[in-house]
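Letters A, B and C name the chains as they come in the text, with residue numbers starting at 1 for each one.
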Amino acid sequence: MSFSLLANSIASGLLMGANYALFAVGLSLVFGVLKIINLAHGELLLAGAYVGYFAIRGMGVPLPLALLFSGLSVGIVGYLYYFVVRRIRDDELNTLILTYGVGVILTNLFLLLFTADERIINIPWLTEGVWLGPVQVNRGNLVSGLVSLLIIGGLTFFLARTETGKMIRASSMDREAAALVGVDVERIDRFAFVLGCALAGFAGPLFGIVSHINPVGGEAVTINAFILTVLAGLGSIPGLLLAGIILGLGEAIIVVFASTMFQGIFALALFVAVLFLRPEGIFGRRE
Amino acid sequence: MPEAILSLSGVVAGYGEVVVLRGVSLSAEEGKITVVLGSNGSGKTTLMRTVMGVLPPIEGEITFRGESVRGLKTHQIARKGIALVPEGRRLWGDMTVRENLEMGYLLRREGDSLEERLEEVLEIFPHLRRLLRKTARTLSGGEQQMVAIGRALMGDPDMVLLDEPSLGLAPMVVAEVFRVIERMREAGKTVLLVEQNAKKAIEISDYVWVLENGEIRFSGPPEEAEENEKVRRAYLGL
Amino acid sequence: MGRRRSEKKIAGVVTLLVLSSAFVFRRDPFVAHVLVQASLLALISLAWNILGGGCGQISFGHAAFFGTGAYVSAILTTQYHLNPWLGIAGACVSVVFLSLLVGVPSFRLKGAYFALLILAYAHVLKLVALNLEITKGDEGIFSIPSFGRYSFGGMEVNFFTSKGANLFLILLFLIAGLWTGIWMRGSQTGIAMEAVREDEVTAEAMGIDTLRYKLFALGVSAFFTALGGAFYVHYIHFLTPDSAYSGYWSLMPIVAALFGGIRTVTGPVVGAFTLVCLDEFLIKELLPRGDKLVYGLLFVVTILFFPRGILGTWVERQGHGRKKEG
């Protein structure tokens, strides 16, 4: 095995890490604010991927527009979804089960509408390799990695600096205290939920560029998103980026030395290790 | 007779099936310090949370400036000009002191700008000025309590509710907290103070209520409270 | 107490009903096969619910236990030539051990960590089965032996040819599971598990060792799920990663339990029989391609509008009626 092969995998692992963080950010936001694990997160992301796929392949829509379009349409779905979730959100177990059921419905809708075929969004200029100094990466990976960084950065800024962002943070840390200073916490819940879904939708087409769109692949996306959320610590967006990089890099390096089986085992091992060592996450704090 | 700005009549409230307040009637006069005494578990915190709409009352009526606040959401009640300094302070630990204070400014209804409000609060708590950039969870208990009170004052409320603000603080800090409460009255604010530190609370109060087991057991001006056998024994340790 | 007694009565009626239907249809291969499927799902759903409804720990990945139980027994019987009964025993023991690997890391924490960790296990185990030598990768394992042939006096029981014989065997497992569930519920253990389900923090404050009871419920649940998985391979005779770790075994036990009523022990059994019969005789006819979609919708409608399920709602009505009379 050559040095350059390893260097290339490290580079693409880093880029994939940024992608992973973006694929997880919607779930993390919803979990942070509403304390709901949206088990349909992965399916919502796939819905965005399908929207992107048909927009780009079928209608020739340029990528940036397709991203916005996917985000918007899944955001609208999220808005309807929120009103279903709100009915029973006081019951934690039932809410968890409900979100799983919504995921099942979406998966089977995909199967019914789009068949079991795997698809990939392949835009010719994105499939070429580009040289970054000594390493070569796929341009699709580069573009989606950079877009992910941009969105994560934008979201971090939004949460840190804007009034709505601060209300979201306050509400996720202590809901009652937020209500006491006049924050309409139910509005914040709705906003965060819809934003979380829209972010999943937005990430969808990028997922379709770096990975296969498989109608039953939503669960795997949700699992990874949850692992990263736990690894990062509740509501920490920078932590999410670091966690994504740990996963992306780990997987990329493992694939060089071992089979894809160990790639799957790596995520699980990471999950178990976090549960044992630092359930409050890298950036979380022990209370 | 002066107006009661806040009044409760026959309020029953609790958690699920557990009834904590069993028909509480109580009022607070505008511009005065009203104190509610009660031992641990008597329902003081529940009372505060019910007034703020965190817990919906099962029965009874709560009015603020003559208007019913029953059924309103917490943020709507807060926006009427009532701020609660909750038990245990409940700052946002990952936010800076400045951010915590700025969040309190969300309650502003008109008038002062953020900087003006911040200046006024920092003038009350000069100690906080050099802590503004610190993360709230790194502060000492006393400092956190000042931020919590400061946050409530940022919105320039007409009425401030304080839930055991002296709990767990060093005597010097307790003295400062009580001074600040008296300053609130001087500034024309109405104060409803819940305390276990009965001696100090009675000293600065204009009217005293005693809550036991979710029911009002005594009410009267502070002189009467100091004379009352039960209050003396239970709260003043005499 | 009234509720517990009525639970026993319902379980008794259900036991008699399934046994007598088995007698009636034992020689009709098609109906017997449908009843085997229903009983198998009923067993897994019941097992799921001992943990889910009984202890409040929701598993979205029972396929991990089912599939591993199936593989262990398949491997032991085809590659180590053990007889199927030992295969089943091996499956149950190893899956209970596997369940500890899921439970110990996640149950120490409060929250939905278990629900997601087991989901992750189900995915990874399938991946492992696809890649290992011993599982024969994606080709799968073939010619897995049946439970064999026995004769008692003049009566011949052939598990290889008779669907009826298999039906009675899986019913035996189901009834064992059902009465274990009933017994657990009435015991101290069941009461402690219920306390954990209702409010873990309070249960802990009451001095209940919540980790222990969660692990116990998980172990029992894993045991019966492995039993079902091992039965399945000796009934179907072949196994692939897709069939072993199929999403069916994660999803349908939950649907059946919810539909029947997760607050009752017998509810999942009633739910499973109703669903499998509906599926065989109605849904597959009407909607050959979208039947899973129907389950998803049923699932969501149940949790939103009657979260107590059919049996749960019925038991509650009965209870109310009696209270009013009394």
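The rule we apply is simple: a residue touches a chain if its C-beta (ideal position, glycine included) is under 8 Å from a C-beta of that chain, and two chains touch if they have at least 3 such contacts.
Bear in mind the structure is a predicted one, so any value in this text is a computation, not a measurement.
Because contacts link the chains only in sequence, without closing, their graph is best described as a line.
The most central chain, judged by C-alpha centres against the centre of all protein C-alpha atoms, is A.
Each chain gets a centre from the mean of its Cα atoms; for chain A and chain C, those two points are 33 Å apart. Chain centres here are Cα means. That of chain B falls 54 Å from that of chain C.
Taking each chain's centre as the average of its CA atoms, chain A and chain B sit 42 Å apart. Across the interface of their complex, chain C is touched by residues 37, 39, 84, 87-88, 91-94, 96-98, 100-102, 104-105, 107-109, 111-112, 216, 219-220, 222-223, 226-227, 230, 259-261, 264-265, 267-268, 271-272, 275-276, 279 of chain A. Residues 56, 58, 60, 105-106, 108-109, 112-113, 115-117, 119-121, 123-124, 127-128, 130-131, 247, 251, 254, 258, 289-290, 292-293, 295-297, 299-300, 303-304, 307 of chain C touch chain A in their complex. Against chain B, in their complex, chain A makes its touches with residues 163, 166-167, 169-170, 173-174, 176-186, 285. Note for the complex: chain B touches chain A at residues 52, 54, 73-75, 78-79, 83-84, 86, 90-95, 99, 102-104, 106-107, 137, 151, 155.
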